[in-house]
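As written, the chains take the letters A, B, C and D, and residue 1 is the first residue of each chain.
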Amino acid sequence: MNFDKNKVKNINIAYIGGGSREWAWKLMLDLAMEESLSGNVRLYDLQYKYALENMKIGNQLSAREDIKGKWKYEVVNTLEEALSGADFIVLSILPGTFKEMTSDVHYPEKYGIYQTVGDTVGPGGIIRAMRTIPIYLEFANAIKNICPEAWVINYTNPMTICTDTLYEVFPEIKAFGCCHEVFETQKVFASYLLEGWGIENVERSEINSNVIGINHCTWFDKVSYKGMDLKPLYKELSEKFNKIGYDNHRDKKFPVHPMGYKLLIAFDLYKKFGIIPAAGDRHLAEFFPDWYLFEKDKITSWGISITHVSYRIKRSEDFNIFREKIINNEQKLEIKKSGEEGVKMIKALLGLNDLVTNVNLPNKGQVKGMPINAVVETNALFSKNGIMPVFSGELPLGLNNKILTHVNNQNAIIKATVNKDIDLAFQVFTNDPMIHLNYNESKKLFNEMIDNTKEYLSYWGVK
Amino acid sequence: MNFDKNKVKNINIAYIGGGSREWAWKLMLDLAMEESLSGNVRLYDLQYKYALENMKIGNQLSAREDIKGKWKYEVVNTLEEALSGADFIVLSILPGTFKEMTSDVHYPEKYGIYQTVGDTVGPGGIIRAMRTIPIYLEFANAIKNICPEAWVINYTNPMTICTDTLYEVFPEIKAFGCCHEVFETQKVFASYLLEGWGIENVERSEINSNVIGINHCTWFDKVSYKGMDLKPLYKELSEKFNKIGYDNHRDKKFPVHPMGYKLLIAFDLYKKFGIIPAAGDRHLAEFFPDWYLFEKDKITSWGISITHVSYRIKRSEDFNIFREKIINNEQKLEIKKSGEEGVKMIKALLGLNDLVTNVNLPNKGQVKGMPINAVVETNALFSKNGIMPVFSGELPLGLNNKILTHVNNQNAIIKATVNKDIDLAFQVFTNDPMIHLNYNESKKLFNEMIDNTKEYLSYWGVK
Amino acid sequence: MNFDKNKVKNINIAYIGGGSREWAWKLMLDLAMEESLSGNVRLYDLQYKYALENMKIGNQLSAREDIKGKWKYEVVNTLEEALSGADFIVLSILPGTFKEMTSDVHYPEKYGIYQTVGDTVGPGGIIRAMRTIPIYLEFANAIKNICPEAWVINYTNPMTICTDTLYEVFPEIKAFGCCHEVFETQKVFASYLLEGWGIENVERSEINSNVIGINHCTWFDKVSYKGMDLKPLYKELSEKFNKIGYDNHRDKKFPVHPMGYKLLIAFDLYKKFGIIPAAGDRHLAEFFPDWYLFEKDKITSWGISITHVSYRIKRSEDFNIFREKIINNEQKLEIKKSGEEGVKMIKALLGLNDLVTNVNLPNKGQVKGMPINAVVETNALFSKNGIMPVFSGELPLGLNNKILTHVNNQNAIIKATVNKDIDLAFQVFTNDPMIHLNYNESKKLFNEMIDNTKEYLSYWGVK
Amino acid sequence: MNFDKNKVKNINIAYIGGGSREWAWKLMLDLAMEESLSGNVRLYDLQYKYALENMKIGNQLSAREDIKGKWKYEVVNTLEEALSGADFIVLSILPGTFKEMTSDVHYPEKYGIYQTVGDTVGPGGIIRAMRTIPIYLEFANAIKNICPEAWVINYTNPMTICTDTLYEVFPEIKAFGCCHEVFETQKVFASYLLEGWGIENVERSEINSNVIGINHCTWFDKVSYKGMDLKPLYKELSEKFNKIGYDNHRDKKFPVHPMGYKLLIAFDLYKKFGIIPAAGDRHLAEFFPDWYLFEKDKITSWGISITHVSYRIKRSEDFNIFREKIINNEQKLEIKKSGEEGVKMIKALLGLNDLVTNVNLPNKGQVKGMPINAVVETNALFSKNGIMPVFSGELPLGLNNKILTHVNNQNAIIKATVNKDIDLAFQVFTNDPMIHLNYNESKKLFNEMIDNTKEYLSYWGVK
C-alpha cells in the first residue's frame, strides 16, 4: 500500500466467496464511489464461474468514466493465492448449498420446531455452525500463515461463531464481524423522527446508539439524535403501533415480502425487558422461541413469516439472469451506496477518518455480564490500524441470562468442532431453547439433520 | 468457649428452626455421642411449641447416664436472643407450611409440569426461593449485627440460594451449606464394593471423591478407595444395572417408598456425560426435565415417583405422636449416629481434627467454568476456624452449560428479591428449563402460584 | 436543562475550588466562547474571597457583547449548596496550602530524595494523597446523596487517586479525570510534522493517538495523522534530538522556565522501552527515579529542574494582583480558547457531538495487564450521557511491571485512608521506588512529613 | 504400576539430577523406610559419575535386610531414557556450577548489593533463572512428549520460576514444587510449645498452619495445635526473643554455621506486618533488602550471614569423600527419615492416604490478591491422582504489594526467556528492589554477570 495525501493506492483485497451477489456487489459499488482508495481485488470462490462473472462486472465498473474508485479485479484458483499479499480479507461465503439450508430451516418443522431464519441459533443454526466452523478453521490457519497482518472482515453467518472460530485458532488475528441489523433499527428512528416529531433529513448514521448484545440479538440502552434522548420516542412509537405494527422504514413489507416484519416482536420485547431491541423481528424471534415460534398457527400474528428457502432459490436464479444481462451490457448497474459500512471501515483502518460503529469482536469487557472472549456485538472505535471496542455496559439481568444460554452454546459448538466431539455437539443441540424434545426424539432429529447435510460434514467423519 | 486438652466447653449453639424433627434430632443425638464438646443450645422456632418439646427431649437426653456429650437446651422467643453470643448457628427452617409446599410441587402439574421434589429448581424451587430469601436477608442482617464471628451451618433448601443470600448481604459471613446427597452416592460405592468386588466393612467416609457441581446436581470426576480407582467399578455397576436399577444402599426403596429411587437416572446421565452423578435421582431429574419429567406416563419407568406432599404431611403427623411419646417417657430415643457431619464439622472448626468434606460455598475458583461467587458444592478443608474450599476442576462443557442456566437463575432470583423486582423474578421463572409455556400461560402459572402462597410473600408487597 | 435545536439552556455547573485561577478561568473563557450552552455556575471555595472575585470576573465576561456563551456566576457557602441541582461538577482544588506543598516536594531532599513535581508518586505524592483522599471521600458521599446523576469532572492531583476515591465510595458515580499532559505530546507531533516533514497547519487534536497508562505516565503505541503512521517520525525526532533536546512546541523552556523540559527523558524512555512516552519529562522522571532523579548533580543534564514551590508562590501572588486589575477594569481578559477539553466534553455528554479523547477512568479492561477497577488513562468515547472507555491494549511487559508498583500503591493508599490505617500508609510509602532508605530512616522521614502537614491531616487523628 | 492391598509395586521414578547428594539421598532413605512402595529409580545426571555412585548406594541400601522398601536403581545416559515410562519424576538439579553460583551471589557485592542466598530473587536469582529456565523448557517439552501423565516433583531453585516454566510450556503438566522452609517454622512452634508452654512430644506435622505466599516468602495467618490457637504463642515468643533471637529448633546455629539464623528478621517482620513469616531469615531478608541487607555492616546484627559459596564448595568436597566411604563400605548410611514429604506425597497421589501440605502450584485463586496462574505456595490436598490447592486467603495489602513486585518479575523473566528477549530480562533486573543503581551501572552489572556465566547461557546466544 502507498499513502499519499489522503489517498491510499495499491491496496490488496482478498474476497473469499467472491462469486456471491449480495455482499460482493455492494462492496464493488461502494469501492467504485470512493475516490481515496484504489488497488486490486482478488475474487476466490468454490464456484469459479460466478467469481469470474463478478470479475467481469467489477472491471466493467472500473472502466466506466463516472466512477471515481478504480480497482482491478481478478479471479484466483486457491485460497492461498487470494490471501497472498492481502491487506484486507472479506469473508462472505455460503457454507453448503440451498439443499443444506433447506434441511437446516425446514426439517425441524417435522418435530414442531419453526425457525424464521435458521442460520443463527436453533437446530438450523447449530447444524450450519457444524459445517461452517471447519471451513473457518482452515481460513484462520491460512491467514495465520500467509497474511497474519491483514484485516479480516467477516460477513458470513453464523456471525458470532465464524468470528469466534477465527480468534480461537489465531488469537492475534485482526478480524471483526459486520452485520447491518443494527442499521435497520437506526432507520426506524430516522423514519419516526420525521413522522412522529416532524424532523426531516435524518441520516441513519446520525442516530447515536449504544449497542449491547450478540449478533442478531442486539439492544440499545441509549439512543439519541443531536443531544435529544430518543428513548421516549421509542416508547411512544411502540405504544402507538404495538397492535398494527410499523414498517415504514422497510422496502420489504410483511406479508407480501417473505422477509418482511412489522416490529411487533421488537415492541413486545421492549415491553417485557424495558430495553430497545436492535435486530429484525425474524432474528429476535429465534432467541425467544417459546414466545413467538412455538405455536405454528400464531407465528404470522406477530407479523413475521417462516422465510422459505425456495424463496432464496428463486431470488438467486433471478439474480443470475440479471448478472448475465449486466455482463452482456443488456442492463447497466446502478451506481448507489449500499448502506453497508465496509468501505468506511477500510478507510478508517487506513487512518483516513475515525469511525464509531457496531461490530462483532471478542469480549474484552465491553459487555459486562458476558464471558471474556465470547464474541459480542457493540460499538467500536476504528482508527489507523486499530479497532478498539467501546465499553458498552450490560443488559438487564433477566435478558442477559436468556442470551447467555446461546453464548455458552456458541462456545461449546466451537470446542466440539475443534475436538471433533460429536457427543458434545449433540449436547449443545439439546441445550437450545427451541428443543423441547425428549432425548430420543432430539437424537433422532439431530441424526437426521446430520444425515441430510453429510456431504458438507466430511470434516466430522460423518458417513 | 474454653479450650482444655482436646475438649471444648461452654460452646453456644443457636438452632434456628429448633422445633424441627429431622435436623434438630440428628444434631442432638450426634452431640450426645461426642465427649469432647459441651455447652448450650438455644432453640428458636416460629412454632414455639415444637421448640419447647425439643428442648425437653434434649435435656432428657443430657440427663441420661449413657450419654457423653452434655448440653443444656433452652428455648428463646426471638431470633436476637438465639443469636446473642452464639459460636455456631444452625439454620434449618421450613419456609411456609405444607400448604405452600403443595402449591410449589403440585400446582404446576395443571400445566403439564411434573416435579419430583420441587424445592430446588423448576417453578416450585423458584417460588420457594421467593419466600425463603426474604427470611435469609433478615437472618444475614441479624448475624452481621449480633454475632458476625459465629459459624453458620445451613441445612435449609433451596440450599444454594439460602447460602448465597447470606453472602450477598454479609460477604464476610462464616457460613456454609451442608447436604447429605453426596453421602448417598458414597454409600453406593461402599455397597457395591462388597457386592461386586467382595470388599467388606467399607465406611462411606472412606470413599475418596472429588465433588464438583451445585447442590442437588453434584458429580464425581475422581473416586477411589485405598488407592484403587473406583471409576471402573461405577462403569461396571451402571452397565449391569441400567435396566433393573440398583438400590441396595437405600432403606427407602422405589416404588414402595415415595422417596425411593434406583439409580436409573444416575446411570443414564453417566452414559450421556461420562461423569458420575452424585445426587439422588429425584433431584437429578429436575435438572434435566425434558429427559425424565416431561412425559408424565414415563416418569415411573425411571424408578422415581413424584413425592406427594400428602406423604410429608402424614410423616409429620406420625412424628408428632412419636415426639409426645418420647416426652412422656412412653418410648425411648435410640442413641445412634445420624450419618450427618455437622458435629464433625464443628469439631474441625474448633481445631480438634482436620476434615475434608463436601460443602456449599461461594466459588473462589474451586469450580472452573462457573461464575466467581456463585455458590457451588465441592470439597473443602475444615480446620481451626477456617473452611478452605479445595480446587476441584470443572465439569464436562456440555453438562456445565446446562447447569449454568440454573446458576444464572439462582443469581437472578436473589437479585430480584433484594430489589423486590417481581418482573425479574418472572423472567427467571420463564428461563427455567421446565417452563415450555408461551408467555401468557407462564404468566398465568406464575401469578397463580404467587397467589396460592401469598401469605408468605408479604415481603414482595403481593396482595 | 432544556434541549432546543442543538442548544442546551439552564445547565447547572458546580465548581468546587471555584476560587482557583488556572482551571476556573480556563473554563470561564471556554464557556464564554461556546454558543450552544448556557446556564449557571456555582463557585464554592474554602477561600470564599477568591470565589467571589472569580464570580465578578465571570459575570463581567457574560456581560460583554463579544461573548456568545452567557452564564450566570454565583458564589455559595457550602458544598451542599454548590452540588444541589448540579448537572456537572468540576473538582479542582488545592489540598492544603503552599506550606504543605513545600514539605511534600522539598522536605525529602534532606534524605537525598529529589522530586520534580511531587504531586503524583514519591513521598510527596503519597503525603498529598493522604490529605486529599479524606476530602474526596466527603465529595463522593455528598455527590451520592445530593446529585448522584451529575457528571463529575476532576482536575485535582493526584489525579488517579482522586478519581479512584470517588468510585471507591460511590461505584455508580459518573466521574472522570482530565489531564492535558497527553495534549503536549500531540503538540510535539504537530510541531515536528511542520519542521521535519513540512506539513503545515496541523491541529493537536488531529493527531490520532492510542493512549495507554496511568495519569502522568501515559504512552502512545499508535499515533497517526491522516492515515500516516507517525511512529517513524518519532523515531527520527528522538534520534536527531536525543542530545540537545527538543522543545519547539513549548512556551515554557528549560532552563529559563522552572517547568521547562526538552524531551530528553521521553527520548531516553522511548529508546529503553520502544514505546512513545506521552507525558511531560518532569512527570515521567518521577516514575523512574533511579535513572533520572537519584543523583542530584545529574538531574539538570536531563533538561529538567526541581520546580521549587517558591516559584508557585510567586506566580500565585502575581496572579492575585492581575485578578484585582481585571476586576477593577484596569486590564481586560483576553478571550481565547484554553486548549482544555472540558467544554467539548460537556457538549459531548449532552449529545451535541461525539468526542474521543483521553480520560482517567476505572479499568473495565481497557488496559490489559492492569487490575480491573484501577484508574487508568486511555481514550474514551464521549456521547449523550455516556463515557465509554475504549479498549487500548497493553504496555510492554517490562514497563507495565514498573508501573504496576504505583498502581498497587495507589490502591493501597486509598484503602489505608478509608480504614485510617496509618501503618498501611507507611508500608505504601516504603514501597515507592524513590525510597531507598532503611526502615528507621524511612519511618523518620514519613513521621516528619506527617508532622509538617498535620494541620491538614486531622482526619487521620494525627496530632 | 500394580495396586495390591494397600501396596503399590513396579513404580517408575525418574530422578533428574540423580547425582546430587542432598535430595537424592533423602529420597533413597525415605523410600527405604516405606514398605508400601517398590519399583525402579532411574538416575540421570549431567555428571554421570555421581549418578553412578548414587546408584551403587541405592542398590546397597535395597540389599540391606533392615530395609523395608525395595527399589532397583539404575543410571541412564539421556533425559529421554530417564523419562520413558516414568510414573513420577523428581527434578533436582544445579543449574551451572559453583563458579556460576559464585558470580550470582558475590559479584553484585562490588556494587554494594549483598545477598544471603542469591538463588531466588535479586541479581543472583534473576541470572540463575536465566540459565535455569532454558533447561526447564527442555524438561517440560520432553515430559509433554514422553510421559505427559507422570507426576513431576520439583526441588530445584528458583522454585517458583522452575515450576512456572513447566506450566508455561505444558499447562496440563501434573507438576508441583516442594520446599521445606515452612517445616522449619512449624518446628519453631513445636520447640516453643515445649519450652514456653511445657507441651511435650509435638510433631512438626501436627502444627496446623494456613500457608500463603510465594516460595521463600511464605506466611501463616492461622496456626494451631489440637484446637489451640498458636498466634498468641508466636507473639509471646517474638516479644521475648526479639533482641537475642531464638534458634532452639535448629541444628545450624548462627554465627557458627554459615546457614544459621535466629528468627530476628522473622520477629521483626511479624511486628511490621502482623502476620507470621514462615521461611528462614536468610530467604526473607532478600525480599526486604532495604531493611536487612542494604547496609553491609549491619547485616550480622540481624543474626544472619552472607553464606559464601566457598562454604558450599567445601561441603560438597567433604561429601564426595563421605560418599566414597559409603560405597567402599568404610562407613554405613544411617537409616532415618529425612523430614521431607516427597514419599508421603507419592503415597497420597497413589491414593494410599490423604495429605494436606504446602506446595508450589499455579494460582487458581488459592491466593487472593495474586495473579491467576502465578505460582504460589499454599496448602493443597493430595489424593488419588490429584493435587487440589486449598483456598488460603490473602496477605495484608502492604505486604502483598511488596511481594507482587517479585511475582511480576518472575512472570516477566520467563516471558523474556521464552522469547529470548534480553532487553526484557534486563528490565526485570532493574525492577528488583535490590537494584538501586542508575541505568548505566545496572547495565554494567548485568552485562558482567552475564559474561561471568556465559558458558551456561548459550541458549540466549550470549557470547
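Side notes on the structure shown:
The definition used in the following text is that a residue touches a chain if its C-beta (ideal position, glycine included) is under 8 Å from a C-beta of that chain, and two chains touch if they have at least 3 such contacts.
These figures come from a predicted structure and were not determined experimentally.
Residue contact pairs shared with A-C exceed half only for one pair among C-D, A-B or B-D, and that pair is B-D. Averaging C-alpha coordinates per chain places the centre of subunit B 43 Å away from that of subunit D.
We define each chain's centre as the mean of its Cα atoms; on that basis subunit A and subunit D are separated by 55 Å. Taking each chain's centre as the average of its CA atoms, subunit A and subunit B sit 47 Å apart. The set of subunit C residues that touch two or more partner chains is empty.
Across the assembly, chains come into contact as A-B, A-C, B-D, C-D. The touching residues of subunit B, when paired with subunit A in their complex, are 272-273, 290-291, 294-295, 396-399, 401-402, 404-405, 408-409, 411-412, 415-416, 423-424, 427-428, 430-431, 435-439, 442. Those residues of subunit A that touch subunit C in the shared complex are 3, 6, 8, 208, 210, 222, 224-229, 350-352, 354, 356, 364-366, 368, 372, 379, 381, 383-386, 388-393.
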